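Common to both upcoming complexes is chain A, partnered first by chain B, then by chain C.
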Partner chain A sequence: MPDTGADAPPALSLSGLSRSFGDTRALDDVSLDIREGEFFTVVGPSGSGKTTLLRILAGLDRPTAGTLHLRGRDIAGLPPNKRPTAMVFQSLALFDHRSVGENVAFALKMRGVGAEARRTKALELLDLVRLPRDYHDRPVTQCSGGERQRVALARALASDPEILFFDEPLSALDYRLRKTLEVELRDLQKRTGRTFVYITHSLEEAMVMSDRIGIMRDGRLVQVGDPATIYGRPRDRFVARFMGEVNVFEIAGGRLPAFDAPAPAQDGWLIVRPEALAPDAGDVQFDATVTDIYRLGSRVQMHLDTAAGTLIAELPASTRLAEGDAARFGFAVADTHRVAE
Partner chain B sequence: MIRRLGLVWLTALIALMYLPILSVILASLSTSRYMRFPHRQWSTGAYVDAVSQDQTWILHATSFKIAALVAVLSLILATFGAMAFARYDWRGRSWFQKAVVLPIFFPQPVLGLALLLFLTAIGVTPSWRSAVFAHMVWILPIVTLVISIRLFGYDPAQEDAARDLGATRWQTFREVTLPHLAPGMVSGGLFAFLLSWSNLPLSIFTTGADTTLPEYMFTRVATNYAPVISAIAVIATLGSVALGLVLLLALRLRRRS
Partner chain C sequence: MRPGPLFALPVAVFLAVGFAMPILIVAWYSLMAPRTFDLTTVFTLANYRAAFTEGYGQPFFWSLGLAALTTLTCLLIAWPTAKVLHAHAGRVATIATALVALPIFVSESVRLFGLSLFLMPGGGIFAGSMRALFGVSIGTILNTKFAVYLGMVYIHLPFMLFPVLLGVALIPPDRVEAARDLGAGRWQVLREIELPLALPGLVIGSLLTFVLCIGANAEAAILGGRAITVVTTAIEQRFNYAQDWPMGAALTMLMIAVTAAVVFPALARVDLNRLIRR
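== the complex of A and B ==
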């Protein structure tokens, strides 16, 4: 069991990591400590450098600048096969000329484990990822998307890695299966106490699973924090927009020009989450017409046509408002968050 | 009706393809220098002559030596060539891709002549060894292409995955890349062997004092034909057919195990 005491070195310590491809700065001066046993999620738009970051952590690519320490040990020069890490690839990268069992036990074979022991271990891992044992001898090419996903997971676990990397492992799956696997992954992480570094496009996935989230933009890590902080106190408009739909109002001269109301700061931007908007509530109020309604299960999201442009509100599904209705909406300044840029 | 027409068409096509080969077999069963059918006298004497004369085996040995070397060398070089061709991105790759396939477009006699001039210029006496080189100039590009096809539509992340799971570079090549390339390598090697085994235009220019089977047949038919030539031709054909069958069988057996 790794040492997880307060003064233990971080599982991974990144300092000034950069990677350029020609003129593209895919990774730009990233510094970060990933704690032992942590579920750390990296989110960011397409092309923001998430995969590049993970490949460098796994040793599959080299940074053009910066250092990387694993539990205090410099691993910059260590090839991927010498690192105690394993990765679930964005494309899964299963060995397509091999059976499920051979895929799962690959790491063991590379270590010279005998065929019998490999089989036993592979079957255990199939149990762990909830694949039927008789899949052991099936060609991977005959597995469904969700099954392949599990094979990839089992294969990464087989090497008994101290740190696991996941590059959008669930992106290709349908909603229900994704939900199930999200819970299972989180569960697995808790049970094994391993450090997980997880990439996703999905805000929801990040919120559900992570201890901490790092937001990437154009190769930079723009904010790191626990889900509540990232959601409630985004550093700037980009992070706020990335973490879900928001209403953004400019602050000028200590006022909100959109509503001609006083603002909690001299300048910057006011972030108002859709759930902060409600009919006949709050200290900033305005007239609105409901233009569209989307049902999200227990909640509804509506688009409001207002003097300040189109706003988004989220209300309990019990609301009686319908498309075309006019109402007075408002929000409490205390429920909002101000950012400088 | 259309199906019947299709069947007739197919039969005609196959007959056209195989009749010439059949006629060689028929010619080998004659006693006459003149090709005339039906034979006045059927005989297997040509085969007795063919099998008992050393020259038959020397010809086979020469052709086999060349073809086997060409196949093995092409296979090794083409495998790495294909990886450079299709797998890795590097400066000058597109230039390399064009340079590699270019020799296929030269008419073989032109290529043969050019190679002969080149060999003379650098002071190499043409022999079966220089023919190996000549064959490879033309065959290597083809084998490279055949193997490259396997590499398109191949997720190179598999190699990253292998490395990540503890495989060394060599293990990665052996466990992931090679098995993926294997089918292309088998057909590529087979192609190389057969193309070399049956090559005439390049051999004529570059074998010097040595003689390959196709060369021998060509010169004897032109100057001094006898049924024994046809008999040797049939034996040579049986040789390459047998090779194909053995390979197929070996593959079948491997897949089963």
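== the complex of A and C ==
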């Protein structure tokens, strides 16, 4: 059992990690401690360096600068097959010349596990990722995109690694299956106490699954924190926008010029989440016309035409407002968050 | 316009006239009485019986053995070479590949005579240089079986290298990474991932080399002196000096049979489409 005491070394300790490809700084001075048994999610726009980071952690690529410790041990020179880690590749990288079962049991075969034991374990893993058992002897080339993703998942799990890396593993799955596997993965992680490092584009996924989230931008880790902090107290406008749709108002001289109202700070920007806007509410109020309405199940999102430009509001689906309606909207300054940049 | 069966007509005609007909005639001759020149309907198996009883085993053995050994050697040389060339794709690799391809455009006998000159004792380029520069006198491998083997490898390496290069290009790098990540060492990666994925290239290269080697006789003639008689030389002698066409034809048919026995099972094992489509 890994040592999870308070003074235990972190599962992974990254210090000043950088990776350049020619002039591109794909990874720029990333320092981070990933705790033992943690579900750590990395999010960021396309090309922000997420895959590069994961490849370095897995030993598939070398950093141009910086150090990497696994439980206090320097693993910079350790090849991937000597690291107690496994990765679910963004490209999946399935072995097309092998059957589903052979793919899943590959790590076991490399360790010299016998054919019978490999089969048993592979079937268990197929159950776990909800693939029918008779897929065991099928060529992977005959699997659908989502099925292939689950094979890749099972293949990485088979090696029973101490740390698991996931590079957008659920992106090709339909909504329900993704939800099921999200819960499944989270359960698995809780049950086994393994450390998971997870990349996703889906904020919902990040919010639901993670203990902590790290936001990447242009190769840098701009903010690390638990989901509530990242969502509620983003460090800057970039993080706020990245974590969902927001309304951003400039603060100048202690006031909000957009509404000619007092602001909670001298300067910077005020972040107002769509759910903070409501009709006839709050201490900052303004006239608005509803231009578009999008139904999101139990909630509706609407675009408002106001003197401050187009704003986004999110209300319960029970709202009576319809497209074209004029109303007085507002928000409470206490429900907002101010960032400096 | 969609290519229909009509498009296959030119090649079908060519194959019928240039390939099927000659083989048919040779097969017919092989069933004629020894030392006759007429194609009749009086068939005999005398030539085939002679092929197995009158000392043709040696040439067959040498041709097949040399072909197998040469193919294996070329494969062992071509694999790491192709890996390096593929990994360092760019100007240097292009030049290196061109240098490997260049000898194909020079007549085989010219190259073999060059090699023979290089290896000649006393005044040969290698021995001469050694004596002039370092004052050492060395013997020569010219006119030995080893020289023939060396010449065979030298001549046929390009025919192996290019298909193997194609094969190596079929290996997606992320598969190798995934295997490494899942705990495979370098040899395991080679056996489990690289060789199976590159197989079409390896099989094509091996078949090409093997078949060319079976038909080769210049190496033995120019570099081997009288050390080896290969089967093609034996066949040539039957047709020319001995004026025994039926015997030569029978040996030819046996050679074709042996080659087919090697080629077809090997071809059946690879998916040629993979090599063409990517």
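The criterion applied here is as follows: the second predicted complex is superposed on the first by the 341 of 341 C-alpha atoms of A that agree within 3 Å, B and C clash if a C-alpha of one lies under 4 Å from a C-alpha of the other, contacts with A are read in each partner's own complex, and residues count from 1 in each chain.
One rule holds in what follows: contacts are C-beta pairs under 8 Å (C-beta built on N, C-alpha and C of every residue); 3 or more make two chains touch, one makes a residue touch a chain.
All values reported here derive from a predicted model rather than from experimental measurement.
Participant: Specify the outcome, clash or fit, for chain B and chain C once both structures are aligned onto chain A.
Facilitator: clash
Participant: Would you sort A:P79 into first (chain B), second (chain C), both or neither based on which partner it touches?
Facilitator: A:P79 contacts both chain B and chain C.
Participant: Thinking of the overlay built on chain A, is A:S159 touched by chain B (first), by chain C (second), by both, or by neither?
Facilitator: A:S159 sits against chain B and chain C alike.
Participant: Thinking of the overlay built on chain A, is A:F89 touched by chain B (first), by chain C (second), by both, or by neither?
Facilitator: A:F89 contacts both chain B and chain C.
Participant: Quick check for you: in the superposed arrangement, does A:H97 touch first (chain B), second (chain C), both or neither?
Facilitator: In the superposition, A:H97 contacts both chain B and chain C.
Participant: In the overlay, answer first, second, both or neither for which of chain B and chain C A:H201 touches.
Facilitator: neither
Participant: Taking the contacts chain A makes with chain B in one complex and with chain C in the other, which residues are shared?
Facilitator: Chain A residues touching both partners: 58-60, 79-81, 85-87, 89, 91, 93-95, 97, 106-107, 109-111, 155-156, 158-159.
Participant: Please output the residues of chain C touching chain A within their complex, sorted ascending.
Facilitator: 172, 174-175, 177-185, 188, 192-193, 196-197
Participant: Okay, in this complex, where on chain A does chain C touch?
Facilitator: 58-60, 79-81, 85-87, 89, 91, 93-95, 97, 106-107, 109-111, 155-156, 158-159
Participant: So in the complex, which bits of chain B are touching chain A?
Facilitator: Counting only chain B, the residues touching chain A are 155, 157-158, 160-168, 171, 175-176, 179-180.
Participant: Spell out the residues on chain A that touch chain B in their complex, using ranges where they run on.
Facilitator: Interface residues on chain A, with respect to chain B: 55, 58-60, 79-81, 85-87, 89-91, 93-97, 106-107, 109-111, 155-156, 158-159.
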